Every structure is written in structure tokens, then in C-alpha cells.
Amino acid sequence: MIFKALVADREIQLKLRVESGKPIVELQEYSPQLDLVKLTAFSYSLLVDGQSHHLSIQPSRNGFKVDIRRRTYHVRLQDELDITIAKLGLKDASLNQSGKVVAPIPGLVTSVNVATGDKVGKGDHLLVLEAMKMENEIRAPLSGKVTDVHISPGDTVEKGVELISIKGREDLK
Amino acid sequence: MIFKALVADREIQLKLRVESGKPIVELQEYSPQLDLVKLTAFSYSLLVDGQSHHLSIQPSRNGFKVDIRRRTYHVRLQDELDITIAKLGLKDASLNQSGKVVAPIPGLVTSVNVATGDKVGKGDHLLVLEAMKMENEIRAPLSGKVTDVHISPGDTVEKGVELISIKGREDLK
Amino acid sequence: MICKVLIANRGEIAVRVIRSCREMSIPAVAIYSEADRGSPHVLMADEAICVGPAASLESYLKVDHILAAARKTNADAIHPGYGFLAENATFARAVQEVGLTWIGPSPETLALLGDKVSARRLAQESGAPIIPGGLEPTADIEAAKAIASEVGYPILIKAAGGGGGKGMRVVTQPDELRPAFERARSEAESAFADNRVYVEKIIEQPHHVEIQVFADQHGQVVRLGERECSIQRRYQKIIEETPSPFITQQVREELGRLAISIAQACRYRGAGTIEFLVDKDQNYYFLEVNTRLQVEHPITEMVTGFDLVAEQIRVASGEPLSFTQEDIQPRGHAIECRIYAEDGFDNFTPSTGTIVELGAPSGFGVRLDHGIREGLEITPYYDPILGKLCVWGQTRPEAVRRMARALEEFRVVGVQTTVPFCLAVMNHHSFIRGEYSTRYIDDYLFELEAWSQADTENLSEVAALGATLFTTAYESKLADHSNVEEADSNWVRLGREQQVSR
Amino acid sequence: MICKVLIANRGEIAVRVIRSCREMSIPAVAIYSEADRGSPHVLMADEAICVGPAASLESYLKVDHILAAARKTNADAIHPGYGFLAENATFARAVQEVGLTWIGPSPETLALLGDKVSARRLAQESGAPIIPGGLEPTADIEAAKAIASEVGYPILIKAAGGGGGKGMRVVTQPDELRPAFERARSEAESAFADNRVYVEKIIEQPHHVEIQVFADQHGQVVRLGERECSIQRRYQKIIEETPSPFITQQVREELGRLAISIAQACRYRGAGTIEFLVDKDQNYYFLEVNTRLQVEHPITEMVTGFDLVAEQIRVASGEPLSFTQEDIQPRGHAIECRIYAEDGFDNFTPSTGTIVELGAPSGFGVRLDHGIREGLEITPYYDPILGKLCVWGQTRPEAVRRMARALEEFRVVGVQTTVPFCLAVMNHHSFIRGEYSTRYIDDYLFELEAWSQADTENLSEVAALGATLFTTAYESKLADHSNVEEADSNWVRLGREQQVSR
């Protein structure tokens, strides 16, 4: 699996595989010898090619808070799906500020939560688009009124296809 | 509720009641002001009339392991039932080495797990005797063969009544 | 003799005092606010009494509650620590009036030295230079003009009623004086309800140097060397050392003699500190007297070997000083880093939260005085000091390296602390050479932060690897060297077992 | 100059060495057995290499694995600590043969002083008295008779091949000699495959006093005072102090001069300790030389101010000693208590288990060197030492009180330790007066245990109250000042939330 780690304004590309029960991480074409053990509730020892690091790792809402050498790093791991979306340039396409909600990736519509005429708030769940074996919840990019629903459950859509139209509050004034 | 605490070869009598959500413990006709707060996983602060004690309390199979001032005390709390049984002189009556299993207290037989002819191991559950609002599991005092079952579920028995007879392995040879 | 001491304080200084009490076999009583029930000073004391809710005004500053706690526990002496009521003459008097021993200078001394004007006059009469212009405050522009032309520009205008930079103005030329004076006066009026200001000579690249003195009730006064306290943020010390790497031996002697004269002039009793400003040319000026134990007293203890808290208690009991001036032979070099719950690289903003991990440094020459523990919540109610890390070395370079090592060992997770800032200072060329004034942080904060961020590239990679393995650990299996189960979960398991077996 | 040090040891002494390395800006490499993966010395080192499974013979004593670890990490020097391979001439030679620096005396010195006979002969040639009869072992009864009548009864028969009490006999009269000699010889034969025994004069109420010496490669040899190590269990030290409260100034000087002569005679290099027995009349006898850093070196560091590990590294690099004999001016008094995972009141039986709580003492004059942490499992594989608590005081009484205070603060929950035993000693009249010999524990264990149990009545009541409230706490509600949630449970909760929101 390919991860991307976002940490301290950097993007670090990581490849992860498991060999005979042990995780192998590849970092820019190089696989350091890794050994992580748990010490106490939050405290871990990580050896990277024998280099000893005493870490504190706390999962947080957005990823991980990692304390190392009196420094705190916030690490966000992005998995293949996220990376693919980002590559397609469609990341957060459904969260733009226009009233057009488009499919960020090709997929199957499995459910639709709104109908024409509904009022929606920004972030409300509109529909579920199944793609890459994941259910992706598509949310409202702005508050307003649903003016059109272009799809139904069971529809297969191509990326970029308009799914739902919303007229924003500003427009409604 | 009256407790008895067994600790360091002593028996300490304690009366416990809860007043407006706070536990009040009486100790030999005297109620010290008590305040227990949790500090970490095992560590507690106990103020006894303002005297400060930093304790470690770990529940164990037989009671509690309490570390205080570099000393470890094993504390066993006996509740009213246990104390009553002890007073009646019948404590562990069901666990003697004879083949007679007798009722340690008056009660209602709610279930019987064995039948005549069954082989049982020492400590096996034989029946449940409900008494003083508690279900008391009566266990086999020795390994052997059940030769007689004198009671059935629903029977009310007096204390000292024989419930089940077991012929020990020694006797079987 | 004192039989039981109540410590009218909290945190690291309460812990510090408890330790000396215990070594003297004197029981120690802690007081605590409701927010501090689980604090180390409560856990370590022989007795602990709650004196009110979290807010200091309702607890640690509540004189009648504190006196009631002393009565309840039969304490016969009160140690005020530093801060809170330590320099409060009214409190000291109240303590004495109910028949308790006050471990500190007399209420009269507290009152005399607590007033800037009378303190400066006393110092001047004892032969100590004061900052030119700084003897008495004024609200009159003509008087201000006269002082300014006498001491020479640039001058500093400073509110008489308080500190913290309010009502402060730098004036470089005579024609700027009047507008600056007016503005400073009105700021001072609204901030402190006192429109008087000092018109003082500006001291360039000042050093903050202080002399520790000790006096008993029998007229004996000694000095225990100086402390250099020039590394400050917001006019508050953060790193101190002794001896000063800056002052000459001659200045050291002169300051020491003046400190003794001042202490003698006010019939001082107990531990006290005479503070001076020293300019870049080694000219010095009396600043004020701290009529209590200083935060930074441990470095003096480390080089002299004397327990200053134990000595305070002995002196308050009426005993003569246990050492003479000749016994005081400072040895080696000591440094203190104050560990505040503040982010040194974010404007020293206070940080609150729960300490989820605490790894304390130790080993040769390392002393840690703190009042925290794992699981403790750092609340916003009190001073953000968590503790003080002090080291001793044969030489200054050894002490600096030892402090760096100890700071590297120090693990505090859950709140931001000044540990990274202090570590950067220990690795900074200017501090290593011992060349710094109170302008140090202003001048070098950028360099310090750059040093601190230097290995971000490598460490952020390690952090990413750690998070990745942490994630996979819950799929495969992580070697667990923690071996600890919560009492709670034991309890739950036990309960389950008991239910089964009954 | 040494660039990277591999520490061929574990636990507290590995941590100790890492600290000095770090202060010298020298990277430190730890080695560890599989059982020690989560030990503090691994966490603190710059690099850590696994050298094998738990058993010492497969890891910490595995010379080729250790040398491979040094090669892998480019370490250019090896510090052996104490124990394991520290006094092993073969290992030292192997280290040098692969081109690494051995931080210790030369292999030749190790071999010379590791042999009892050659060491005693060297001492005697240097003018040190040896225990009468103890120069050479014998297997011949006639020779034994001759020695016995020469040194005078009572005499001690002691196996040449080993220690631990095997093959040891006290003989009070001539007619008991033959049977005792025969039995001792056959015991020695079966225990050590060596039937030779020493026939020695018995030293009454002996004190164990040792001199710390230091020598560089340029012929400079200094001594850093003595240590009194008479409080022993199973012939192993448990409490040490410096200066000795027993020996006279004259004996101190004589032992110091002899120690220097012995070190000079064998062209010693680095840190070494010359051990003596001193009888109740201040007669002294050479015992042996410990050709390494001693466990109890910290108390010497505390009174002299010199970092002995840093000095070892400098001397091994070829530098001259950084101090002269005149620079060594011991100050104050220092005491060490060894914290073993042993129950002092149950025959010092080792205790294993997981450290569920660790509260380390701190404050003025307190130094703790340890190699443990919360969550660490204490395994039965290695020496049961967990750490060493050392204190310094201006005077011996102050140091004794400080040690008592520090021991009272020390919280180790999960394994039995020698903390309670040491605390009882600090409160025992005979130790307080400084009157004790190596017979101390035999004579006073009962009194120590009685002191330790004195407040059982009160404390057991408190324990009962604690358990009762703990029980009720799960019915009503207990104030929780722990504020910590496990990373695991956060993770679980987070997982749940993520599942919900996707």
C-alpha cells in the first residue's frame, strides 16, 4: 500500500507491505530497518536502522500527534484512495463553492438522501458514491436549496458528472 | 453495611453508609473524614482526617493489594453475608473433606447441576442455594462419585441439612 | 523550636519546603485549592487542608482560611514560599498576631522594602547607587524636565504604581519629553490609579545581578554569592546562573558588601535577595530587595552546599546562622532553567492540558524541583511554572553541557514547555560564551528557533514512520513492553470473574 | 579522540555512561538482549543493537556479537561498565585487536590483578599488609599447620578457587585444624575443581574500606578518597558512604598512599579501586583491586565534583588527567543506597514482576541513577540492581537525614525493593552513630525489621479504608485526577468515529 504522510509542511511518500508478519516501510526507494515497541500508554520506542527514538504517539481527530525530541509533529496519513483523488485533481471537488455537485471519481450511486426542494446546510450528507471499494459520502458544498437531483440509487456515473444542483442562500436573496 | 477488613493478621470492623452521595466509613465508633481520589492507573490519594496518604491499590483475586509507605498490605473485605456465615460457625461447611455436602445457611435450592452416579472433581459446582438475596454456589468438597442427591430445585432447606452425598476417590478404591 | 510548618503555597516551592521539613523531622502541612487536590505537594505533605476553590483569591490568598488551616492542624509556623502572600506585610502581621511563627523577615521589613521609594532611599543611604533620577516619582512636568537634563538623554519614563511595561516611554531628545510624559502619566493613571512616574536614566544592555543574603535574629548577616538572571522574557527570569559570567571580581565584592550593608540597615532577618542592574561598563545600580526565598535559590544551594530552606526555618526558630561568612566557599558553577508551561517559540504563550507523560532527567550534578506528575492537569489558574531544572558542574562549560544533556532527557508530553527553548539557549554561541544581557531573547530568539528547527526534516520523517507503524500495529501485532493493565480493567475483569463464580 | 562509544552493558550503568557521553557530545551505542528491548538504556542511547536472547551468555557476554555491533555502528571505543566483561582480559584484548579503544586498564593489568596470588604479591611488594597467611594457597596440611601457628588462632580456611562461603571453615583451636582442613579441601575440590585453600588470620569486626584511584597514560596517578562499604548482604555491598565514619585520618592517609603505590607498581590506567579490610583496632590488610568503575563511584563524584566516567573516556583517549592531586578536595558527605529488586526483610530474595508505578525522589543533594521505568518488567536474567540512590550533605547527619527523606519519597510499586530496608538503616541508632562493621546486618536485621513494622497498626487501618473506599467508588463516583486516556482507547474510539462518518 502507498501512503503519503503530511507532516511539518512536508509530504513524505511511503510504501508499506507486510512480510512474514512484519511491516516493511519503503521510504524514497529505501527500506530502513524498523522496530516499534510500546512502552506505556502513549510511549513508544522506534528503532530506525538502529537509531533510537523515544516517541509519544497519540491518535487525534486529524491523524496523529507525535512527540519526538521535545518537538510535536502532527502527522496525517493519506491512503491510496486519497492520493488517487488528489492525483485526479478532483480532491474536494464536491466541496467547491459552486452549486454544482459533481462526481469526484467514477462510481456507483448507492443512496440519495435529498430530493428537489429540500433545504440543505453546508456539509450535509447528500448521497453515497461507491468507488474503489469504499463508500464515499458526498456532502453539500454550501447551504441552500436543492434545485435538481440528476441521479438515483443504482446509477453508475463517470467522474465529473453533475449529481445534484444547489442554489445557495446568497443566490436566493 | 458492615464490613470486616482482614489485613496484616488483623480484623478491622468497618461500618459503611452513603450520605448525600459520599461514602461515610465508621471505624470503631469513630468516623474519620475521608477523601479518596484517583491519580493514575493504580495510584490514589487518600486523606484521613487531613492525614495524607499516597496509595497504590490493585484489586487481586483475594481482595486488594494496597501499597502504602513502601509497605504492601493484602486487604480482604468480608461483607455482611460472609460475616454472618462465619458467626454461624458454618463458614466453608460445604468445603469440608467429608462426603456430606450440607447447607451452610438456610435457603432455597434454585438449581442442581449433578445427579446420582455423576463423577465430580473437587470444586465442581453442585447446586445453587439462594439465601440472603445472594446466589451461593455450592461446590464439591472432594473428588468422587455422587451417591445421593437429597434435594431438588425449589426445595427450602434449613442450615446443616445434608444436600448431596459424595463418595471420595479414596473410598472408591 | 518549630514543631509543625504550614506551607502557604502550592506546586514546586511547596514540595521544596516539604523536603527540608522532612529532613528536619518537622511535619509539614499543605494547603490546596479544589483544583489542586491531586497535586504532588498534597500527596507529599503529612497533612493537607483544602482552603477554597480554584481561584487564588478564594484560596491561596485567603488569609483567614489559611490561618484556620494552621489552627486545625496545630501548625506553629507558616512558610509562605514565593509569590502569593510571601511579601505581604499584612499577612505576616496576622500570622504573628495569632501566635504563629512567620518564616520570613519581620512585617516592618516587608513594609519598608515593599515600598519602592523607601527601599531606594534605604539603599542609597547604605551607599548603593540607584538609577539616576529614580529616587522619587513625580507627576510634575517641570520636575521631570529637571531630572531629565540632570541625568542626560536618552531617559526612560516609568509608572511608579506598577510594572509590565504600562506607562513606559523612552525619550531620546528634550523636545519629545512633554508629549511622552503626558501620555505615560495618563496611562499610569488609568492602569494603576496613580499618575506619578519615574524619570530615569536608561541603562544600556543591562544585566540583572542579585546577591543572596541571609541574616539571623542575633545580628549576623552573610552573603552567599551572586546570581546572574539576565535571561528574561516579559521581565521575568527564565535562566539563571552562578557565578555571573559577566561581572568582574571587583564588582562582585562591591555588590556583596552593599547587599550586607542594606540588610544590616533594615535589620533584615532570614533569606533575602538584593537585586542590581549592571550596565555594559560594569556600572551598577540598586533595583529592589526580594524579601523572601527566590525561585532561583537552588543554584546558590548547589555551589555553597547550604540548604537555604532549612536555614530559614532555623533562623525563624531563633537559632543563630549555622554558617559564617568564612564557611561560604562557592564551588563550581550552577545553572537553573525554569520549566514553564509555555511555548518558548510562540511568544511564551501559556499552555494548559494534561501531562500524559513525564520523564525526569537525573544523574550526576542534576537537580529537579517540580510539582507535577503524570496525569496532572495544568490549569490556567496559577503561575505557569512546572518546575526548575538545575545543574552543577566543576566549570561553566561543564555545567552548560550538563544542562543540555538533562534538557534532552526531559520528557513532558501533554503541554508545551520551555524545555526546547532552554535547550536551544544551551546550544547557542552567545550563551555558551557567557555573553548576554537582558536583551538576549530580543536579540536572538530567531536564531534560537532556527536551531530548534534544524533537524525537522529528519525528525518529521521519523514521526511519519512512527505513525505508519502505529497504524499497522493494530493489524499485525505490536511488541508490548508496557506490561501494565489499568486497575480499572483488572477490576472489571475481576467483577466478571466473581459474577461467574458466585 | 574517541568519536563513538559502544557500551557493553545494560541497566543503570549503561544509562550512567550514556549521560557522560552525551555531555561530551560523543554518540553512544547501546547493546541489548531481546529481554531488554524496552529498557531505558536502549531508549536513551543514540543507537541500539540487539546482541542476542535474554540469557547473558547468549548476549551481554557474547564477545563476537558485541564486536559486530561496534563494527556495524562504527563505534571506535568500548566502555564495559561493571560486571559482565568489565574485568575480562580476553575481551579487552579482543577489543584492542580489532582496533577499538578499550576504556579500562590494559589487558595485562586486568590479568595481573585478576589473579589473587599475583595481586596480593604485588600489593605486598608495594608495602601493603596482606591478611596473615593469605599470600599463597596450599593443599598441604603440614603447610597449613605451619601458617596457622604462625598467624595464631582463630584462623579461617577459605577456598582459593572461588567465594560465596563454599569451602570456608573457622578454626579456633589447633586440634580442630586437620578435620576442618580436610573438609574444606574436599568442598573446594568439588565446587571449584581446585583443592587449594588459604589459611588466614581471622579479622574481627572487619570494615570494608576502599580507595578510588585514577591514572592516565602519562604516569600520573591520583586518589579520590575512600569509601566505607561495610554494610553488605551475602558479601555484596548495599550501602556505602564517603568519607568513612570509622577510619582515622592517619589510616586514611596510609591507605591512600598504598593505593597509589599499588597503582603505580602495575602501571595502572583509568579508574580503579583498591580494597582493604580494616579491623576494629584500625589494622588494615589489602584485599583486592577492582579494575573497573565501581557501582558506588557516584558518592566519590559527589564529594569531589569530578565526573569519573568522563575522565575514563578522556584517559582512554590518551589525554592527561584533567585534575591533579591538589585539585581533589572532598567536600561534605555522601551516601549511596543500592536499590535492588529484593525483599530486605525476607532474606534478600530477588523479586521479579512489572514496575507499575515509579516515583523517583529528587531535590537538593539527591541523585538517582537507575535503569528502570514504569511498565518495565524486571526479569530474573540479570543482576537485581534497579538503581542507586545517592545523597550529599554538608555533614554526615545531614546526609543521613536527606537519604531517609529521599527513601521516603521513593515509590516503586510492582516489585519488592531494598528501599524499606535502607530506610530502616537510616533510622537505626547504630548507623546514625556511624558505628558498624560488615557484621551489621547479622547483628541488627531483627531491630531493622521491627522498626520497619512499627506503624503497621495505623497503616493497615489506612489500607483497609483505602480498599473500602475503592470498592464504594465504583458505586458512587470517585474524583478522577488522572486525566489520562490510553492511546489504545483513543484509537478505538477514533476508529469508531471514522467508521460512523465515512
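Should a chain be cited, it is by its letter among A, B, C and D, assigned in written order, with residues numbered from 1 in that chain.
By our rule, contacts are C-beta pairs under 8 Å (C-beta built on N, C-alpha and C of every residue); 3 or more make two chains touch, one makes a residue touch a chain.
Just so you know, these numbers come straight off a predicted model, no measurement behind them.
Remark: among chain pairs A-C and A-D, A-C carries the greater number of C-beta contacts. If you match contact pairs by residue number, over half of those in B-C turn up again in just one of A-D, B-D or A-C, and that pair is A-D. Chain centres here are Cα averages; for chain B and chain D they lie 47 Å apart. Per-chain Cα centroids separate chain C from chain D by 38 Å. Rounded to whole angstrom units, the spacing between the C-alpha centres of chain A and chain D is 56.
For chain B, residues touching at least two other chains, in rising order: 35, 37, 39-42, 45, 51, 54, 57-59. Shared contact sites, meaning residues of chain D that touch two or more other chains, fall at 37-38, 44, 356, 359, 373-375, 408, 479, 481-482, 484, 486, 491. Of all residues in chain D, those touching chain C in their complex are 15-16, 19-20, 22-25, 37-38, 44, 298, 301-302, 305-307, 331-332, 354, 356, 359-360, 362-370, 373-377, 392, 394, 398, 401-402, 404-405, 408-409, 474, 479, 481-484, 486, 491.
Residues of chain A touching chain C in their complex: 3, 5, 7-8, 10, 12, 14, 16, 18, 21-23, 25, 27, 32, 34, 36-46, 48, 51, 53-59, 63-64, 66-73, 75, 77.
Interface residues of chain C facing chain A in the complex, by the touch rule stated above, are 356-357, 359, 407-408, 410-411, 413, 416-417, 419-420, 423, 452, 455-457, 459-473, 475-482, 484.
By the touch criterion stated above, chain C contacts chain B in their complex at residues 30, 37-38, 42-49, 72-73, 373-375, 484, 486-488, 490-491, 494, 497, 501-502. Interface residues of chain A facing chain D in the complex, by the touch rule stated above, are 35, 37, 39-42, 45, 47, 50-52, 54, 57-61, 134-137.
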